[in-house]
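Here come two complexes built around subunit A, the first alongside subunit B, the second alongside subunit C.
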Partner chain A sequence: MHGWAGKRLKVYLTEGKLVEEELTEEFRQEYLGGRGFNVRTVFDEIAPGIDPLSPENVLTVSTGPLAGTAAPGMTRWTVTAKSPLTGIIGDGNGGSDFAAELKFAGYDQIVVYGRAASPVYLFIKDSRVELRDASRLWGKTTWDTHKLIVKELHDSQIRDLIIGPAGENLVRFAKIITNMTRAGGKCGMGAVMGSKNLKAIVVRGSGSVKIASPDAFYQAAQQANAKLLASRFHRQVLGEEGTPYLIKFLTSERSLTTRNSQAGYFEGWEKLTSEAFESSYAVKHGACFSCPIACSHYYRVKDGPYATHGGSNQFGTLYPFTSRCGSDNLAASLHLTTLCDQMGIDTHSCGATISFAMEAWEKGLITFKDTDGLDLSWGNADSMIKLVQKIAYRQGFGDILAEGSLRASAQIPGSASCLTVVKGLECSSYYPGEGEHKIIGLAFATSPIGGSHHRGGFMGLHSHPKVRQALGEELARHLRDHTTYKGQGVLLVVENDFVAALNSMETCLLLCQYGLTADDLAGLVSAATGFDIDGDALLKIGERVFNVERAFNVREGIRRKDDTLPERFFVEKETPYGKTGINKAKFQEMLDEFYSFRGWDKEGVPTRKKLEELNLGYIAEQIPAS
Partner chain B sequence: MAKVFSIDAKKCTGCKLCELICSFHHNGVFKPSVSRIRVKLNTREGTAQPLICRQCKKCTCIEVCRPGAISQDEKTGVITIDHAKCTGCKECIFTCPFQAVGFEEEPKGVAIVCDHCGGKPECVKVCFPGALKYIDKETSWAPTRQDTTSRA
Partner chain C sequence: MLQIDKEKCTGCRLCEMMCSFRHEGECSTAKSRIKILKDEEFGNCLVLVCMNCEDAPCVASCPTEAFKKDDNSGIVALDESLCIGCEACIGVCPMETIVLDKDKNTVFKCDLCGGDPECVKWCTRGAIKENDIGWQARQAYIEQANKMRSPNSA
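Coming up: the complex of A and B.
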């Protein structure tokens, strides 16, 4: 077997049984790995309508065909299950080197069923696989758990996926932490692990990844590295500043989500930039496995009330606790980032839920009486820190917020207008400001997991042949204009498919943003696995993955009415900081364009013709006919 | 002219491309467990320490090797392990203060150590952050490194 390890580990927690299974060639070639493997598995294994926190839910973790090789940044992992936050498909994608270790141990995929009678953790050391008692780890933070496991196994170089107190307490947006500072965050996958009494998955592997054509692969990997290092965006922007560069960029676009997405301009942005971070708190760069760019930064706040240290200051951990909550306190944000890592809470959803409560506070919908005496005025960092702890342990007001903003609003009368959710997932970083492209709004509305920024809309595929062919040269040229609605639906389809394909390969999204193309990726996959594909075939795999995800959601009742944005984003108005809002009628036209180019019907249900074209005929039987 | 590795751990991002490419070059597969350079990561503190043979002036690995399989090139300082003589007793692995000697289980179980890829180390080629450098011994700012075993 080249590239893939070719094996799947099935873990039956209820029975305490572990089963090893070969992955068929058809499965490998149709889904590639990662998000692709996972989505097919959960579609087949999860019955419609089950409670995501019941033993019937199935949690699966996969790596890609290039995990553990020198291909740049292609060693990520995806965890997928039915989400307790949204009730539809949910996934989290993480970096670091867990995926490589899993591959070296000889597995591409782990599938977890049932629920253990008492807390356990899964330990994989090459061919030796066992469930070990985790009673004494239960209740511990992710960092303490990691330390205790290292001590128990006498090995400091183990790689693990761990949940913190939030996951154990079934906080609906609990995340899974790897290597203490990296996370598969979205959609509450940590709570699913918690509901299964699975504290951690620990891996140590000493095996190898074999390559079908070593010389071709070496060339392709070196070319990919050279391409990234020659790119100003990757080497300078991501390499030096990391994703916090977005603070400055989005401010210039007037789209930096501010005070629960009420505005696109935050007046304290200058205190949050990468320069501010670099001058006070940055320690050094950190990279995920086999990545030449190293966009992550270790940080340390030496003293003061927010003294802390941690491993990853990213845009996704920065804006939720600063601009989104009206705070310009960078040190407090870093403190909260580390706290969320230790507790195992998703920063996006957590920041969004707190900012939702803050808006409710501003509107007088909640008072000291409801919040256990916490002052939730905008920017009150000390209250935010206390609130995160309350959420993790489900104490008092934290118990309400731990349900996520959609469910919390049901308990706070009049607060529905403060919601910024799509399909139950908080629209984390989105605000339709002056310079924001309309496609991003459509991407948030149609993303399979709910309001996520990770499903396309910003990959820069405007001049992809498929787009130009479908729209014509003239219209395709105008796509870069941020005011246009027409054609964006088609562009999003291509970007969705590309992102789904690279997620299935477990490549880093940032490296493919204006960087590596589908052809580059296909070249690497072909050389590594011997399974010959080109860029178009890769996009086809992405399309298949995206359609299976949609089919999963359609089976759970998702239709056109759910592919929409929070009301506040449809309000068009002039503000001191530029125009904002998306036109509602034109949004519907974009959605029509998106559906029709996808081969879905008016309600957003994949047609039988489309499914059969993607070799998914059997799925058409399981979803309501269009 | 003799060359040595210069390591700046502060620049190491922990990407492990060096481990991958080392095993790929020597074994034809990606297998960090048989890499001759290893990066010890502490993901909480963010420290990453590349571990590689330092061509000590007084090599304890040579001293403890009972079959006499290990030798040092007088000119270049490169350590060579004669796999025909190596019995796989791991004595050199335990004695090396820099954890620079590795072990290859297959096919017969022998100790492995950095061979400088014949003067053009592959790991240095892929160290994009610039933590690993391969420089002339004379220009190295760390002559003390040559004597470090006596301190260990």
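Coming up: the complex of A and C.
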């Protein structure tokens, strides 16, 4: 076996049984790994309509064919299950070294069923796999748990996935933390682990990844590395500033989500930039496995009320507790980042849910007697810190917010207008209301997991042959004018498929943004695995993955009516920098174009013809006919 | 000789991947001659690799004279064909960078890739460099590395 380890580990928690299974060649080649492996598994193994927090849910973690190799930034992992936040397919994607260790231990995929009678953790050391008692770890933060397991196993170099108190307490946006500072954040995967009494997955591996064509692989890895290091965006912007560069960039685009997405410009942005961070709190750069760029930063706030330290100041941890909640307090944001890592809470949904409450407070829909005496004025960082604690332990008002903003709004009369969710997931990062990017709105509305910015819409594939062929040269050229609607649906389809493919390879999305192409990735996969594919075949795999995800959601009842945006994104305004907001009628036209190019019907259901073309005929039997 | 600046190490471990790939034709941290131990709470990265000790204990410990120190270059070379897998050298190496290959029952260590070290080529941030540094500086690094093994590190 080359590239892949070729095996999955099935963990039956109810019975305490562990079963090893070979991955078939067909499965490996049709889905590649990571997000691809996972979606096929959850489609096959999760019965429609089940409660995501019941033992019937199935949680799976996979790596890609290049995990644990020198291919740059291709050692990520995806965790997938039915989401307790959204009730549809949910996943989190993380970095660091976990995926490499799992591969070295001999597995590409772990699938977890049932519920343990009492807390356990899964320990994998090469071919030795066991469920160990986690009673004394239950209730502990992710950091304390990591340190206790290190002591128990006498090994500082274990790699782990751990949940904190939030996951145990079934906070619907609880995340999974790997080695203290990296997360698989979205969609409440931590709560699914918690519902299964699974505190952690701990791995140590001493094996190797075999390479099919060593010379070709060395050359392809060298070229990919050189390409990234020659790219100003990757080496200078990501490598030096990291993703917080987006504070300045999105400010210039009027797309920095501000005060619960009521605006795209935050007046305190200058205190949040990478320069502000670098001058006061940055310690050193940190990289995920085999990544030459190292976009992450360790940080330390030395003293004062927000004293803290931690491992990953990223845009995705920064905007939720600053512009989104109307705070320009960078030290408090870093404090909240570490707190969320320790508690195991997703920063995106947490910041969004708190900002939702802050807007409800601003509108007088909640008062001190609802919030346990906390003042939820915009920018009140001390209240935010107390709220995160309350959410993690489901205390008082925190218990309501722990349900996520959509469910919380049902408890707060009049607050539905403050919601910024798509399919129950709070829209992350970008604010398409005031900014110009119409495609981001469509991307949020159609993303398989709900309002996620990580499924396409900013990959820069405007000139891709598939886009040019479908739209013609002239229209394709106009796509670069982000204020236009026509053609953006086609562009999004190609970008969706590209992202699904690179997620299935467990490649870092950032390295493929104006960087590595589908052909680059295909070259690496081919050389490492011996399974010869080109960029187009890779996109086809992405298309298959995206369609299985849609089929999963269609089976749960998702249709066109759900592919929409929070009302506030549809408000068109004349501003000093032009007309903003997304036109409702034109949005529907974009959706039509998107469905049509996907081969889906008017309701957004994949047609039998499309499914058969993707070798997914059997799936057509399991979803309502289009 | 390799000169290490651990403050520049981001913990990407490309050096480990390329080291094992160059020597074994496969990617494996366990088969790498260079090792990165990470403490992810603070971002500390400990880079462990042969420092070619002046008075190399591996040379003295080896019953089959598989290790030899070149008087001119100062480099400690290992002749794997002489190794009997007794592991005496593993216990005495101050950097803990001699490893037993369980498949072959022989040990391996850094050989500077015969003068063209792969790890240096792939270290983007310049944490590993090839430099003609003296024993004093190398010894200082060994001491620094040992000090850094916090109680958290096994």
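Keep this in mind: the second predicted complex is superposed on the first by the 618 of 626 C-alpha atoms of A that agree within 3 Å, B and C clash if a C-alpha of one lies under 4 Å from a C-alpha of the other, contacts with A are read in each partner's own complex, and residues count from 1 in each chain.
Just so we're on the same page, contacts are C-beta pairs under 8 Å (C-beta built on N, C-alpha and C of every residue); 3 or more make two chains touch, one makes a residue touch a chain.
The structure presented is a predicted model; accordingly, all values stated were derived computationally and were not measured.
Steric overlap between subunit B and subunit C is present once the structures are superposed on subunit A. Look at A:180: by the touch rule set out above, it reaches both subunit B and subunit C. After overlaying the two complexes on the shared chain, residue contacts for A:283 are found with subunit B and with subunit C alike. Contacts of A:127 after superposition on the shared chain: neither subunit B nor subunit C is touched.
In the superposition on chain A, A:219 makes contact with neither subunit B nor subunit C. In the superposition on chain A, contact is made by A:150 with subunit C only, not with subunit B.
By the document's definition of touching, both partners, subunit B and subunit C, reach A:96.
In the superposition on chain A, the residues of subunit A contacting both subunit B and subunit C are 68-70, 96-97, 100, 104, 143, 156-157, 179-182, 205-211, 214, 218, 225, 229, 283-292, 294, 298, 309, 311.
Within the complex, the subunit B residues that touch subunit A are 10-11, 13-17, 20-21, 23-24, 27-33, 40-46, 48, 105, 126, 128-129.
Subunit A contributes residues 68-70, 96-97, 100, 104, 143, 146, 156-157, 179-182, 205-211, 214, 218, 225, 229, 283-292, 294, 298, 309, 311 to its touches with subunit B in the complex.
Against subunit C, the residues of subunit A that register as touching in their complex are 68-70, 72, 96-97, 100, 104, 143, 147, 150, 154-157, 179-182, 205-211, 214, 218, 225, 229, 283-294, 298, 309, 311. Within the complex formed with subunit A, the subunit C residues making contact are 7, 10-14, 17-18, 20-21, 24-31, 37-43, 122, 124-125, 152-154.
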